[in-house]
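Letters A, B, C, D, E, F, G and H mark the chains in the order given here, with residues in each chain numbered from 1 onward.
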Amino acid sequence: MDKNKLQIILQNLYDQKLSPDEVINQLATLPYENLDFAKIDHHRPLRNGYAEVVYGKGKTADQLVAIIQSLYKAKSDILVTKLAHKAYENIQQELPPGCIYDNISLTLVSKKKKVNKLGHIVIVSAGTADMPIAEEARITSEFFGSKAEKLFDVGVAGIHRLLEKINVLREARVIIVIAGMDGALASVVGGLVSSPVIAVPTSIGYGASFNGVSALLAMLNSCASGVATVNIDNGFGAGCIAHKINILGEKNNH
Amino acid sequence: MDKNKLQIILQNLYDQKLSPDEVINQLATLPYENLDFAKIDHHRPLRNGYAEVVYGKGKTADQLVAIIQSLYKAKSDILVTKLAHKAYENIQQELPPGCIYDNISLTLVSKKKKVNKLGHIVIVSAGTADMPIAEEARITSEFFGSKAEKLFDVGVAGIHRLLEKINVLREARVIIVIAGMDGALASVVGGLVSSPVIAVPTSIGYGASFNGVSALLAMLNSCASGVATVNIDNGFGAGCIAHKINILGEKNNH
Amino acid sequence: MDKNKLQIILQNLYDQKLSPDEVINQLATLPYENLDFAKIDHHRPLRNGYAEVVYGKGKTADQLVAIIQSLYKAKSDILVTKLAHKAYENIQQELPPGCIYDNISLTLVSKKKKVNKLGHIVIVSAGTADMPIAEEARITSEFFGSKAEKLFDVGVAGIHRLLEKINVLREARVIIVIAGMDGALASVVGGLVSSPVIAVPTSIGYGASFNGVSALLAMLNSCASGVATVNIDNGFGAGCIAHKINILGEKNNH
Amino acid sequence: MDKNKLQIILQNLYDQKLSPDEVINQLATLPYENLDFAKIDHHRPLRNGYAEVVYGKGKTADQLVAIIQSLYKAKSDILVTKLAHKAYENIQQELPPGCIYDNISLTLVSKKKKVNKLGHIVIVSAGTADMPIAEEARITSEFFGSKAEKLFDVGVAGIHRLLEKINVLREARVIIVIAGMDGALASVVGGLVSSPVIAVPTSIGYGASFNGVSALLAMLNSCASGVATVNIDNGFGAGCIAHKINILGEKNNH
Amino acid sequence: MDKNKLQIILQNLYDQKLSPDEVINQLATLPYENLDFAKIDHHRPLRNGYAEVVYGKGKTADQLVAIIQSLYKAKSDILVTKLAHKAYENIQQELPPGCIYDNISLTLVSKKKKVNKLGHIVIVSAGTADMPIAEEARITSEFFGSKAEKLFDVGVAGIHRLLEKINVLREARVIIVIAGMDGALASVVGGLVSSPVIAVPTSIGYGASFNGVSALLAMLNSCASGVATVNIDNGFGAGCIAHKINILGEKNNH
Amino acid sequence: MDKNKLQIILQNLYDQKLSPDEVINQLATLPYENLDFAKIDHHRPLRNGYAEVVYGKGKTADQLVAIIQSLYKAKSDILVTKLAHKAYENIQQELPPGCIYDNISLTLVSKKKKVNKLGHIVIVSAGTADMPIAEEARITSEFFGSKAEKLFDVGVAGIHRLLEKINVLREARVIIVIAGMDGALASVVGGLVSSPVIAVPTSIGYGASFNGVSALLAMLNSCASGVATVNIDNGFGAGCIAHKINILGEKNNH
Amino acid sequence: MDKNKLQIILQNLYDQKLSPDEVINQLATLPYENLDFAKIDHHRPLRNGYAEVVYGKGKTADQLVAIIQSLYKAKSDILVTKLAHKAYENIQQELPPGCIYDNISLTLVSKKKKVNKLGHIVIVSAGTADMPIAEEARITSEFFGSKAEKLFDVGVAGIHRLLEKINVLREARVIIVIAGMDGALASVVGGLVSSPVIAVPTSIGYGASFNGVSALLAMLNSCASGVATVNIDNGFGAGCIAHKINILGEKNNH
Amino acid sequence: MDKNKLQIILQNLYDQKLSPDEVINQLATLPYENLDFAKIDHHRPLRNGYAEVVYGKGKTADQLVAIIQSLYKAKSDILVTKLAHKAYENIQQELPPGCIYDNISLTLVSKKKKVNKLGHIVIVSAGTADMPIAEEARITSEFFGSKAEKLFDVGVAGIHRLLEKINVLREARVIIVIAGMDGALASVVGGLVSSPVIAVPTSIGYGASFNGVSALLAMLNSCASGVATVNIDNGFGAGCIAHKINILGEKNNH
């Protein structure tokens, strides 16, 4: 039932064409969507006002173009993740103006207007091979409106590279740590700072890294407190929750 | 908001103390529970009218007694599953009258009145060691009101035992197959009948049975069609879905 | 021994050329197939009268064409599952008339004549990426003769989409739930309805979804009762057992 | 080298008993701890000013008493986690005054003085069996200074229980979701709110729950964005990072 | 239908009270067991003439005594495997005369009369910790009638111990290799002989031996040909198939 | 040291040019190969007299041609396994005369002269998709000199197909059972016969078959005794040990 | 054949009672042990001269006492590992004089005479819970004759504790790193030093640490080069290989 | 802060423009890198003086060329590992002079000047399929300056091949053992020598070898002491730690 239908029922009650009991019965059998406009109001700031995120993997070129065009017409900001090079080439000609493809992070972004980036996320990655996921996290958090600083290639095998940048780490409101192989960077960073750390295991490594399982387990078992983990290679998920944490600070300034 | 509060709002609208728009705004901000009595009405036949099921494992004696007493006072039928011998002994003195404990299946049952059992479930088990789970499935399905026939100890290592009983299998509306180790019984039964088969892997076996994983995987990969699987040792779950399938036939007779 | 041979033996007995004891000895050493025509009679309604199902994966073009042609000549209905685009293209020219290929579910269907679809299966899927498996389940259950309704793209991340359709769910005789990633949809649907639920984990997801293992485990561990699970991506298996459950209602009307 | 030694070197330089180059050489060979008092200054607010946390498992009674006495003398707040009933009984007589043991969450707490709890964490749990971990999370976050609200026993098998409390969820700054078995609660909550969600899988369940692996995988693969996961049964870890997120809001008010 | 019933039908045909077609119809609807006496005849030599084997684990004292007494009355040889010390003590008083319990292999044996042991099985084990399984294999194969020679404690860490005994190995008709940890003994023995090798992984080891999985995988992947593997700790299974292989030689002497 | 060198030393001793103590010292430092001609004598019948087996996978065309040519020149019989179509095409032109490639089992065979096949192996497979491995087992066992009979496509989903052939099974000296998915065929066959059964899991199946792990576990956990298992898809290994078992009978005839 | 027998043969040859050919034939059929005294000579320094190591777990009190007494009589040094408290108490009365039990590392040591410890092993552990394994490694390496220094409780969660001791690390010839949970310490230490690092994962941790698997995988995937890993909780193994590495330096001084 | 900045501060102190206390305050807030030139001095011999190692996998042609050119200009020795054939072809034209590509081990090496190889590493491999990893280990250890001897194709299935070379093994200072499948070679070699053994599991094998997991587990569980393991296929890692062990001997000669 849409809002109009609800209005008609209530108008009928107001006009005393229906009794309160009759209306209660009608409402009792209504599906949930009757009041759904209320729920949508709460959701919109997160879901529509900001942007729509499209998971690019496993969608055909036609599906991707249709979704992107539809979002573009709705004047929505657009973020497509995990859009492989080939997939981008297939749809490149049919994209609306203003779409920017990043061939490292495999993301496609379209923003209606520039906004001031808020707060301070630091994105730390262990090696150059982790860069695609690190960039996906950065672009995601910036897309939602967070300020994000990069601290790449500071894996623990040469820990002096990380220690030199300890001030950068300590100024962050929230830190994203991205590492494959032994995932040790999350524990080391978590031990150096008091801010919350979101760890992203990557599928980098060989042999018994099992496509990221070794890093995932290490991060889940981090001996540092204040570390929570997202799925393997889930740079988007890390960027998303880091943004949500980051803006907590902002919201409370007002 | 409870039903009373909704009645007051609507009465106010009927009495024209509130306008339809004001009521829409009030409803829009109501939590879901406003209409929850409707949902509960649909749920009650399944959840309350029939019986309440209590998972006995990991609850203290005090918690168990409190829950059982409360159900007894509500004149509800009661089924407690996975109630270990020791746990039963601890609460035995404080149980309401009429509770029957079965020390094979580790279930405790209290039924207000006898009802005619409906339909026809056949419960097939591979070995004597599977009996606790098989009995749990039987007692569960009978508790909900299904007729259940036992066909125990007919594992495929001596397949003539099963083939002799093929008529019993073919008369069932739904079959529960319970086996550990290689779980092969589910595939063999599934190949002999056209009725749906619910497979229950058990944690019986040693070494690479991995507490039921070998049987679980075999059942999920059954080369016979018409087989679906529940969790390892989940005799209750099998009895529950088998009952739901079994009564489909009954309901449609009317 | 075929039926003729049995007839000869029995005729000899009737003609008193053999004694009963001699016949018993002959029968005792007969292989099982002596009585196989009886078994086949019981099986035929399920296996031949209805249709033949061919698993398309891993068969060469020649094998596929040979099987399909043979079924076509036997005037059998035909369902080929998991027939990849390329495999279809290879055999397309040599298919008998009336074969319809569905390039989402990767199924090929040939039905001799339209039949009224019976009962009511609802097929619920979490995301667009689950559509191939959901369509495979739908086409399978319709192929066998069930009526199947789609409720796609109602994953729990936006649970209002599912709650809006609760009436559709509650009218189903049996529900198939198809989801990858966290597989949470099976538990949520299982908690909303009293009908049996067949859960199909899909290999959708990345990282620690392990090609469907995360969804499989979640479904096997569903906290809702009345849920049984088939293999990962096994839309055919779900459609098959759902049909068997669905027609239980039908059969009992007569 | 302690601070005194550094002072002597520098005084010598100031007194021109050493040249700058000589001092550089001496500093170059100093271990890191030379400047460690600086690092400790930064660390203290987190580690000492607040409290000390002791992991109770696997320590002998003697070790536990020694650590707790030492913290007590240092006038530190104390939190001991995973302190089994028996372990508590063994040390009970030798504890300093003011220690409170909670026999559900297996925590021991000693706070020097009451402080105003800040912000708003909501702790959601699926079933009664998850309560020990949920209480561990609550006590941890309150120990560090956060306000924490309980929303227990709202698993998705009866989703109306959760939906009725949606306003409670939406008012939280950060939410901790605690569930075993299918872990579906994290995805459902994550889909209902825009605040960050910390998910804690518990080892509750049987068979293929594999002591929490099924819930862990489901949570890592949550189809809702904004969810990060800690280790199985790690209520302390969840309480810790939730507190760190929660106080971000507080800090920015000033 | 038992044999009598079949006799009556056939007598009726012989007496021409039934026509051949009527008898065919009756036989067509008979369950499989009609001819089962034939099948049983083939099975008896293996199953009854020799001995009965009882899996002792998970059976109550009452069940064990009942089974053993019943076998004793049927004058059957008896082998009980995996009978724990405590379980044996519980039933010791009620055992029939002549039962011998072996507290290393946890087997209980009762043989009616001594028979000449046939052929030549060699049982090779890696360490003293593998002895319970090695003895179970030896007792099993001797129980069935094979001659079995022990070659214990010859693990590959000191390979000279094994090489010294190469003549013993080469005289065997079939070899059972029993090892935990790295399971390397199976490959080394398999490379030294041309007879078939049955490998038994044991759950001996710690850490990443995963209760025998490391040895199991090593044995399945043996780089020597002619090695087949049974389940972890399945000394009985190895003794059983080794006996079946061993007597192949015997049978062909006649 | 070769035999000649040993002869020289001993001749010197015989000629009293060396003392016994000097010879002991020389022998003590000799590597093992001094006596290796003895070992080689025992090995030759198995390794050279019969044939050489080359694992075709992962070798370059050049390596394959070199090995095959070298064996051909040594007048050895040749068996190459797992030789992919493409790999065969690459070397086809350079093969010596008489090589026969089988494009189902991916084997290449060259036999110098026909020999009478001995004994009786029966190779049972579950489905058509298992045929490559079943054929590899058949060709391997025939290559070594065993008689092998095929019983293909008799999976347990239609168990009458298997039961009809029970006499074929019972006449075998050793049976190879090849199945993927649920691996149930090994248990069913193992329960029907008293001869040893070698089980080969195949990587056939999808989803939770995990490339043969489900079948492997089911076979290792077979509830029938007398079953041992080789590696997934290891048709060669099964053919090899089955031949070794089969010829035990032959050898003892003499 | 023992040395005497060889001497007799050779004496006979020297005495020309046997011809060289006769001796060759006798030697050719000798088992390997003929020359085994040579091999034993090389082995003795490692195996007997030094000490004997007994794995204490899973041996009965009688077996342990017998082995220890026998070693004591042979005047051998003795090391028993993994000797649980209870096991020690059971044998305590029957031990020879001079045995020292360490109830942290669960080792029992008996050394005939003090020797100068050589070289320099540093044993680094992450937390107090890792101490039993760290002490086992220390006692093992000292037992064999290495000098071992402890650097305990320097886990990466507070990395300043480790960095303060960097000079200790850099002076080591070989380092043993012992850590559970995330195992990150191995990577950090490996990045700080140029000496070889032996990593020992411990079964410390909970949830997804899977009894040491998380630490094991992290260590195998260490992003620092120069790290090799032993089994979970294998402090003995680490002490053993570290000693072998450590004495390489010593040996080359001469 | 770079060295200059430190010099200025100290000069100011020397010039009494700053007091010692002011300098202490400034130093206390300095990041770690202040003293980093010291750390670099210690590191350089390992990291720069010797060579730079580049992990070739997953880097683009542009990235590889840039890194190699930069190292070349810095007059550094260069080792690139895991450089696939195709990747090499893409950059071949743009490589600086003197680069040598090895298409078995997939390594690219550029050495400024020949140096005497030191010590003695023996590299043992099981089969020809392990050669790429064995060669990677050899080239790595030689690149760093060790002498390395090959002992290839000596798997335990024909153990005489290994025993013949026992003297080669016993002369090594450290041994690298490379094997896939059952990984048994590591245990056998470990039992024959007293020098440290570094084991490298390879992903060679099929079915249940799980891409090297079977060999990895076998090696971790080696029943021989003195064996430590690196990651699957990590020939570089083995070569690196073996070199570090090997040169321990060298260093102590001086």
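As a working rule, a residue touches a chain if its C-beta (ideal position, glycine included) is under 8 Å from a C-beta of that chain, and two chains touch if they have at least 3 such contacts.
Note that the structure is predicted; figures quoted are calculated from it, not measured.
Student: Could you let me know which interface, B-F or C-E, is made of more C-beta pairs in contact?
Tutor: Higher contact count goes to B-F.
Student: Same or different for chain A and chain D, when you check if over half of the residue numbers at their contact belong to both copies?
Tutor: Chain A and chain D contact each other through largely matching residue numbers.
Student: Identify which chain pair among C-E, D-G or A-D reproduces the interface of E-G, meaning that over half of its contact pairs, matched by residue number, are the same.
Tutor: D-G
Student: Please tell me the distance, in whole Å, between the geometric centres of chain F and chain G computed from their C-alpha atoms.
Tutor: 39
Student: Rounded to a whole Å, what is the gap between the Cα centroids of chain G and chain H?
Tutor: 25
Student: I need the residues of chain H touching at least two other chains; which ones are they?
Tutor: Counting only residues that touch two or more other chains, chain H contributes 32, 163, 207-209, 213, 216, 220-221, 225, 231-232.
Student: Every pair of chains that touch: which are they?
Tutor: A-B, A-C, A-D, A-G, A-H, B-C, B-D, B-E, B-F, C-D, C-E, C-F, D-G, D-H, E-F, E-G, E-H, F-G, F-H, G-H
Student: State the interface residues of chain B toward chain D in the complex, per the touch definition above.
Tutor: Within the complex, chain B touches chain D at residues 31-33, 36, 39-40, 43, 55, 57-59, 63, 82, 201, 203, 211-213, 216, 231-234.
Student: Help me check something: in the complex, which residues belonging to chain D touch chain B?
Tutor: Within the complex, chain D contacts chain B at residues 128-129, 158, 160, 163-167, 204, 206-209.
Student: What part of chain C is in contact with chain B in the complex they form?
Tutor: 42-43, 45-46, 53, 170, 173-174, 194-198, 216, 220-221, 225-232, 236-238, 240-241, 244-246, 248-253
Student: Considering only the defined contacts, which chain A positions touch chain B in the complex?
Tutor: Result: residues 3, 6-7, 10-11, 13-14, 16, 19-20, 23-24, 27-30, 32, 34-35, 37-38, 41 of chain A touch chain B.
Student: Contact residues on chain D for chain C in the complex?
Tutor: Per the touch definition, chain D meets chain C at residues 126-127, 155-159, 163, 180-184, 186-188, 190-192, 205, 207-210, 213-215, 217-225.
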